[in-house]
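All chains are identified by letter, namely A, B, C and D, in their written order; residue positions are counted from 1 within each chain.
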Amino acid sequence: MTAPDYGKAFALWRDQAPEWADYTQHAFVEGLRTGTLPRADFLHYLRQDYIFLIHFTRAWALAATKGATLAEIQAAAATVQALAHYEMPLHVQICADAGIDKTTLETTEEAPANLAYTRYVLESGYSGDFLDLLAALAPCVLGYGEIGARLKGSGGPYAGWIDTYAGQDYQKLCHDVGALIDNALVYRLGQDWASLPRARHLSQRFATATRLEVGFWQMGLNGA
Amino acid sequence: MTAPDYGKAFALWRDQAPEWADYTQHAFVEGLRTGTLPRADFLHYLRQDYIFLIHFTRAWALAATKGATLAEIQAAAATVQALAHYEMPLHVQICADAGIDKTTLETTEEAPANLAYTRYVLESGYSGDFLDLLAALAPCVLGYGEIGARLKGSGGPYAGWIDTYAGQDYQKLCHDVGALIDNALVYRLGQDWASLPRARHLSQRFATATRLEVGFWQMGLNGA
Amino acid sequence: MTAPDYGKAFALWRDQAPEWADYTQHAFVEGLRTGTLPRADFLHYLRQDYIFLIHFTRAWALAATKGATLAEIQAAAATVQALAHYEMPLHVQICADAGIDKTTLETTEEAPANLAYTRYVLESGYSGDFLDLLAALAPCVLGYGEIGARLKGSGGPYAGWIDTYAGQDYQKLCHDVGALIDNALVYRLGQDWASLPRARHLSQRFATATRLEVGFWQMGLNGA
Amino acid sequence: MTAPDYGKAFALWRDQAPEWADYTQHAFVEGLRTGTLPRADFLHYLRQDYIFLIHFTRAWALAATKGATLAEIQAAAATVQALAHYEMPLHVQICADAGIDKTTLETTEEAPANLAYTRYVLESGYSGDFLDLLAALAPCVLGYGEIGARLKGSGGPYAGWIDTYAGQDYQKLCHDVGALIDNALVYRLGQDWASLPRARHLSQRFATATRLEVGFWQMGLNGA
């Protein structure tokens, strides 16, 4: 599939991430598309994703802390707000509809694949700068956008999940985040940022986070 | 003046901060109350406060990153949102009304008193935990609430500024932040937290931030 | 086996970590003891442990940053120095003796179990305070001490590895780190710290880090 | 005076820092050179410098945490070790010789100029990356080197202080830190780093830290 146009950095990093296809076309994703994903696997994924979203919200808040301009801070803050006060309650509702109550969510033990991914992202942000954090956040935000775009209209039992990421709101978010990244790169490194060693380091962060996304889907399938 | 009831921690820390009265009854504040504060001093303060608000927003975002429960994360995120997408634009508008355009704001050199205060708060958060950060954030949020409550109805050229902090919205925010702090203390340290060494360390953070607030007003008066 | 006496916190946290025995008596450890661990597994472990040690050194440096007293800073700094200028060169030498050159070490891809553990520890430190960081660091430092003490005198092909951790120097380090933790707890939370909710949270960090240690050994056996 | 050769970044940043001469030729420094600095001012400075050194050690430890290569981590760790286990005890001894005992040092209230400088450096490191931290650390390390080189052989009551920074050990440290910075820049940004927007941002950090050094000397003279 052609990559969605989420900007220059995404196009570059996506090409350089060896496991991008393993992530965006993972058996878990194909199961969502064809509707053959066992319900138990989906529920296991949802429970872990609740924990994931909490740490992901924290990571976007860290991006707001690390922004260098008011525009960067505001963009990150808007994402935090969307995650904390819209996505999280929505997720809790989806889980409730699926028979997973809030106590179950809150007492779910975090799987190693979840720990690996979320802590890698947060630590990238703490130890690095705004760019390091965005490079580690990008595979999740933009990969789900690409998956949503590809699975659009698949229907089946997971149509609700698919529509969320295929929908206009989420696709707009992907374009905004792509632009945030591209602007942040130019602001710090100039127009020719792609030729700098820094570009390679950031690409490696994106690739590592992509690798950890593969592990996250796999955890969904393995039930652990 | 009797302290407003912003909770148990505030009452305790306020009592233990030697410079609380120097801060909340500073000559700058009295000038706002009586209307005798020179306009130039107020404008100087507004320009520095623009920079302050950026770092204060970043610090609340850090609180969202450091929260231990979804409720803590959501509370901090709501404050970030209010600061980034309501307070900041409002502040820019107030400055514009006062003849300070956005370029002037963005090119203002940060005064040492501003650097000292904002970086102290942020570093408290980074080096410490959620409680350290809240203790350093509290004197600004709650002190402005106390000042607003005391100056309420003073009228004069600074009535707009006074009304913002005396108003119901801001007073509600103070009660919410006070409750956030009290709950965070109990969640981590139990009901008898006030007897622990930790309580003394947090009180010292509150006192240091209060001292830096005095320096901030003084910078307003000194024009540097 | 009776636990070594590395202090009060260790005794408590060790008892409350469900997977402590899974960690300290893991099949990998038993293979070291009996000498039946395949050489290839040991070499795989050594390569990953090189990466681990880099991040572990970084985490102890973060402890020096987060210490509240000169004594805490100095204790953490001494550990950083030992790791960066003694352990790391020693590890490089051990690997060289085993036929793994420096380039191989530096180009080893970090396994997910390694990412999970090291980033969990670092993020505990960044998001929490000095105590959170120590609780996440403790299972590695003190668990290796307990393993060394238990395997002492086993001989066999892994006697060199065993002797390092069974030796007086390392055992002294464990006592020092145990005392650092106990003192840090009392300094912040008072003598009765074990009764506070905070103690439970710290114990959970210790337990999670222990769980990730199990994953690390398992990675050694799985070769991935 | 010609600048000492501490590398390319230092030469550039020094030229671009408007207050470099105000810092390195401050009245406090001239008083050290001519011996006319009042003893009370020097003692006041020493007391504040004790607190400064603690935070400076913490900041170098953060550099070890944020290093991207083993060489960077080791270089920062060596500086931490020198500060924590050599400079700090030496400073305590110098203060003792001057009649300031350890309790006095530990109970000294941190002056606002001290808070501003140390927290600015630490926050630069936490919010930015390794380069941001080094740019904020450089004015102190390298400025004292330049002052030492210029004041060398001045004699008088402050000859001991001067000799420390004029001496071969300290001058070597300055060359090493200058090389660490230059290498870190090339490693991340390539040979032409000076043409990137990032170079301007880093230069601004160096300039702000230089401005805060001026405030630190001034605090010495003002006794507050």
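Operating definition for what follows: contacts are C-beta pairs under 8 Å (C-beta built on N, C-alpha and C of every residue); 3 or more make two chains touch, one makes a residue touch a chain.
Note that the structure is predicted; figures quoted are calculated from it, not measured.
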- Which of these pairs, A-D, A-C or C-D, matches A-B in more than half of the residue pairs in contact? C-D
- Query: Does B-C or C-D have more contacting C-beta pairs?
  - Reply: C-D
- Query: How big is the gap, in whole Å, between where the Cα atoms of chain B centre and where those of chain D centre?
  - Reply: 31
- Query: When the C-alpha atoms of chain B and chain C are each averaged to a single point, how far apart are the two points in Å?
  - Reply: 41
- Length of the line joining the C-alpha centres of chain C and chain D, rounded to whole Å: 34
- Item | Multi-chain contact residues (two or more partners), chain C | 58, 65-66, 122, 126-127
- Note on the structure: Per the touch rule above, chain C residues touching chain A in the complex are 58, 110, 112-113, 115-116, 119-120, 122-123, 126-127, 208, 211-212, 215
- Okay, in this complex, where on chain D does chain C touch? 54, 57-59, 61-62, 64-67, 70, 73-74, 76-78, 80-81, 84-85, 88, 122
- Residue set of chain D touching chain A in the complex reads 65-66, 68, 126-129, 132, 187-190, 195-198, 201
